[in-house]
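Common to both upcoming complexes is chain A, partnered first by chain B, then by chain C.
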Partner chain A sequence: MLFEPGFFASDPVQTALIIGGGAAVVSGVAGVFTVLRGQSFAGHALADVSSAGGSAAFLFGINPLLGFLGMAVLAAGAMDLVGVRRAQERDLVTGIVLGAGLGLTALFLYLDVTTHSTTGAAISVMFGSMFAIPPSLIAPALAVGAAALLVVGLIYRPLLLCSLDPSLADVRGVNVRAVGLLHLLVLSMAVTLSAMTIGAILSTALLIGPAAAALRLAHQPVAAILLAIAIGLAATWGGILLAYDSYDWTPGHGWPVSFCIVTIIFAVYLCTGLAPRPRARA
Partner chain B sequence: METGQELLALDRVSVTFPDRQVLTEVSFTVNRGSFCGLIDANGSGKTTLLRTILGFQAPSAGRLRISGARAVGYVPQKIQFDADMPVRARDLVALGLDGHRLGLPFPSRAKTRLVDEMLTAVDATGFADQRVGNLSGGQQQRVLIAHALIRRPKLLLLDEPLANLDIRAVAEIVALLGRVCKAHGITVLVSAHDMNPLLGVMDQIVYLANGRAASGPTAEVVRTEVLSALYGYHIDVIKVHGRVLVIAAGPDELPLHEDHHIHVAAVP
Partner chain C sequence: MFSNFMMNAWIVATIIAVVAGTTGFFVVLRGNSFAAHALPLGTFPGAAAAAFAGVNELFGLVVFAALGVAGISQLGRRQRNDVATALTLIFLLGLGTLFLSLSREYSQGVFALLFGDVLGVSRAEILPVAVISAIAVAATALLFRPLLLSAVSADLGAARGVAARRMEFLFLSILGLATAMALPVVGALLVFSLMVGPASAARLIVSRPLPALLLSVAIALVIVWVSIALSYLTNWPVGFFVGALAACSYGAGRGFQWLAHKAQVPSSSTNALVG
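Let's turn to the complex of A and B:
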């Protein structure tokens, strides 16, 4: 049976469907611009750094959403402050920020394990635990998602122009740096939502995978964004369904939701590689 | 239309960076509706000059005036469009109209008509729905020109639009720019390292060397005496088959002492 009994009635499933869906939508939108701007590595770094906030929140018992988001925004600000223009240097700074963030994560997770005498935090922060998200997080998560979409809706055209070529935007009076910073902010919100659902380490998959697949298929920006959202939603909800059903396939334990979601994204991306690509110069 | 009037006037404009002086007392005027070539054979400040005209770079001395130009259209130097960029030629042209605006773009019939008009004006209708990253260099230049023209600027600046194009594409882009200038009355300022492709359309030339400029009708500027004074050492200007060759004798040759009719500051 596709939908096992109790799938839609289960509270953890409902929470996972809602927050996971929100994460997929925001990641689809932010992901397309992130891939276009060549900032996939920055996206991954923000997610890794956000895990320091998530593990600290676990340690001090504060709202995990605030923990993830706070650290991601701090890291985005740090990357912008350094303000390097050369791609190679940017990768260097991103890598160093990433390393520092993961170092903090190691510290907080160690303290989590020793003070709470549980290893759950590490798995939950790094690889997600979708069926364990408290329903009280639904409202703040959707608020963060709505704020991210609002920002993208506001700066859509200047952001697209900057992503095409900063000098084209510059000459039209667009504040290229402000647009870049707002994009990093949106990226922080996207990775926060996906870090909370499929985990900090795997959030890159939800950010980059659907966007990269959509960019292979769509020929105009709006179509690419809508397609990325659709692929992200299909993978997230499909993964939740798969994980739920898997309890019946391997009695005693199911498969991790994050594994199911990431596997679907990977499969979709591979399939888009089979589609004809009009790469040749006309 | 008021022809023969100055649209752009530079009066002894100098630009100094902390480590070097890029432009030294550059003076020239560009008349409305004229086609001006900004020739800079060895990269001595044309991009800085264009950035100064665009207002991105403040002159450290001198004055620059653009009379009544509401909008300046600009085609930047060598843009690399990724083939993965899901932006069609017509999307890029539309962004020329409203790319700086906030909020989501909503399609309108007037906007579509204007974009189509621009695509037709630059002969780009044949590839209007292809990704810009998949177009050839000449095709991308056409689309960028339409992007810059859609707001109907009085002045169109282009930074090395002929670089990296094959001979046929060079001829096509020059013809297109000549048409933009003469048929639409738009003042065109094109930078190039080689003046030859532009000889047929240029009304005037601004020749940059050592951060200084000589300007005027092409035949008056591209002469042995003028260019030698500009470079500070002997230059041969040779005309072969309607083409102009500028050959430097080299800085080791005797420096010139004659006083020429253009004012050139002391050689640094």
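Let's turn to the complex of A and C:
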């Protein structure tokens, strides 16, 4: 049976479908620009650093959405502040911020374990807890997603130009640095949503996987974005369904949702390699 | 602080700092930060897989490191480097979540594998770590010139018969080896901080390759020793101190560069006036 009984009636599943869907849409949009700009590392680093916020939220009992988002925005600011021009140096600064942020995660998780004796904190922050998201988070999560999409919509053309040809954008009078910072901001909102669903260190999957696959197939930016969203949604919802159904296939415990989602994304990516390559790059 | 069980930690951490300082120099020079981060992070599920399959932990780590190296260099043929690295990473981590959930009892070990557990090093672990580190450092020393050449200029390297792609593969293999060995001791995330922080600081302070490499090793050693001491005193995780100190060392490097630049400008202008 494709849909095991109770799939749509279950509250945790509904929450997971909604927030996961939102994460997939925002990640698809942000991911295409991230791949075009060659900033996969920054995307991954922001997600990892946001885990410090997630674990701090555990510790202080604040809203996890606020924790993840606050830390990701802080990290994006730090990366921009150290501001360097050469791409290689940019990776280096990203790495330094990432190292410091993960150090903080280590500290907060340690304090979580010692003060609250929540030993599961490490797993749920790093690998996500799709079926344990409280329904009260739906509204703020969707608001964050909508804000991210709004920012992209407002700066769509300059962002695209900066991503494809920064020097041309500069000549045309686009403030390349400001656009870069806004992109980092959108990126941190996208990874916040996916970090809460499939986990901080796996959110890169939702960000880079669908976008990389879409850019292999599509000729135009808009088509690539739509395709990335479609792949992301299919993988997220398919993964949730698979994980839910798997409780009946392997008695005792189900397969982790994150694993199902990542596997679908990776399979789609590998399949796009079989398709003929687009003739010209957008 | 220097009691018997702490001695193992000091010895292993010192070995790892030397390896991380050495390989980190090339990580920074070649701009491989993402790969240096992705390899350890993608390798750590290997331990969970090994626990599930009931084989030696080191074996699982080496297999996953090899998968990572192969994935990054194979996907890199058709994709941009950073995308290839990201895809390899998520594939390995995806496998990791599966193995972690299959071997339930392993979830306790996740924190140690990610953030390190230097104080839990046993005497039996020292020998394999020392041997693999010696191999990694020896390989780096043997390949020192070609690695440097292909890092500084891929074209020049190709003209001298150094294939950039092969060098990349060899270097990633060294990185994978160093990673698999250091991981159970200092954790996936800490290896990375230790590679990038000291080396990037050293490169800002000294420009010639060999002194920069030695300085990078020295900074890595200081960071590790101070971190262990602080961790012993406060009981906080070592990973926190290593991450923070690595960032501080980079900041200090930037500060030094700025001061050196400021000192140089007036003196060169006076030279010009005298000349």
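Remarks
Simple rule for what comes next: the second predicted complex is superposed on the first by the 277 of 282 C-alpha atoms of A that agree within 3 Å, B and C clash if a C-alpha of one lies under 4 Å from a C-alpha of the other, contacts with A are read in each partner's own complex, and residues count from 1 in each chain.
In this section, a contact is a pair of C-beta atoms (placed from the backbone, for glycine too) under 8 Å apart; a residue touches a chain by one contact, two chains touch by 3 or more.
Being a predicted model, the structure only gives us computed values, none of them experimental.
In the superposed pair of complexes, A:Arg177 makes contact with neither chain B nor chain C.
Contact with chain C, but none with chain B, is seen for A:Leu109 once the two complexes are overlaid on the shared chain. Of the two partner chains, chain C is the only one touched by A:Met126; chain B is not.
Between chain B and chain C, more residues of chain A are touched by C. By the touch criterion defined above, A:His219 reaches chain B but does not reach chain C.
Of the two partner chains placed by the overlay, only chain C lies in contact with A:Val97; chain B stays clear of it.
In the overlay built on the shared chain, the residue A:Gln39 is in contact with chain C alone; chain B does not reach it.
Look at A:Ser167: by the touch rule set out above, it reaches chain B but stays clear of chain C. Across the two superposed structures, the residue set of chain A contacted by chain B and also by chain C is 35. The touching residues of chain A, counted against chain C in their complex, run 35, 38-41, 43-45, 82, 87-88, 91-92, 94-107, 109-110, 113, 119-120, 122-123, 126-127, 199, 201-202, 204-205, 208-209, 212, 253, 255-256, 258-259, 262-263, 265-266, 269, 273.
By the touch rule above, chain C contacts chain A in their complex via residues 28, 31, 33-34, 36-38, 41, 78-80, 82-83, 85-87, 89-91, 93-95, 97-98, 100-101, 104, 107-108, 110-111, 114-116, 189, 192-193, 196-197, 200, 236-237, 239-244, 246-247, 250, 254. Those residues of chain A lying in contact with chain B across their complex are 35-36, 153-158, 160-161, 163-165, 167-174, 214-216, 218-221, 223-224, 278-282.
Those residues of chain B whose C-beta lies close enough to touch chain A in the complex are 54, 56, 72, 74, 76, 79, 81-88, 91-92, 95, 98-105, 127, 129-132, 134-136, 139, 147.
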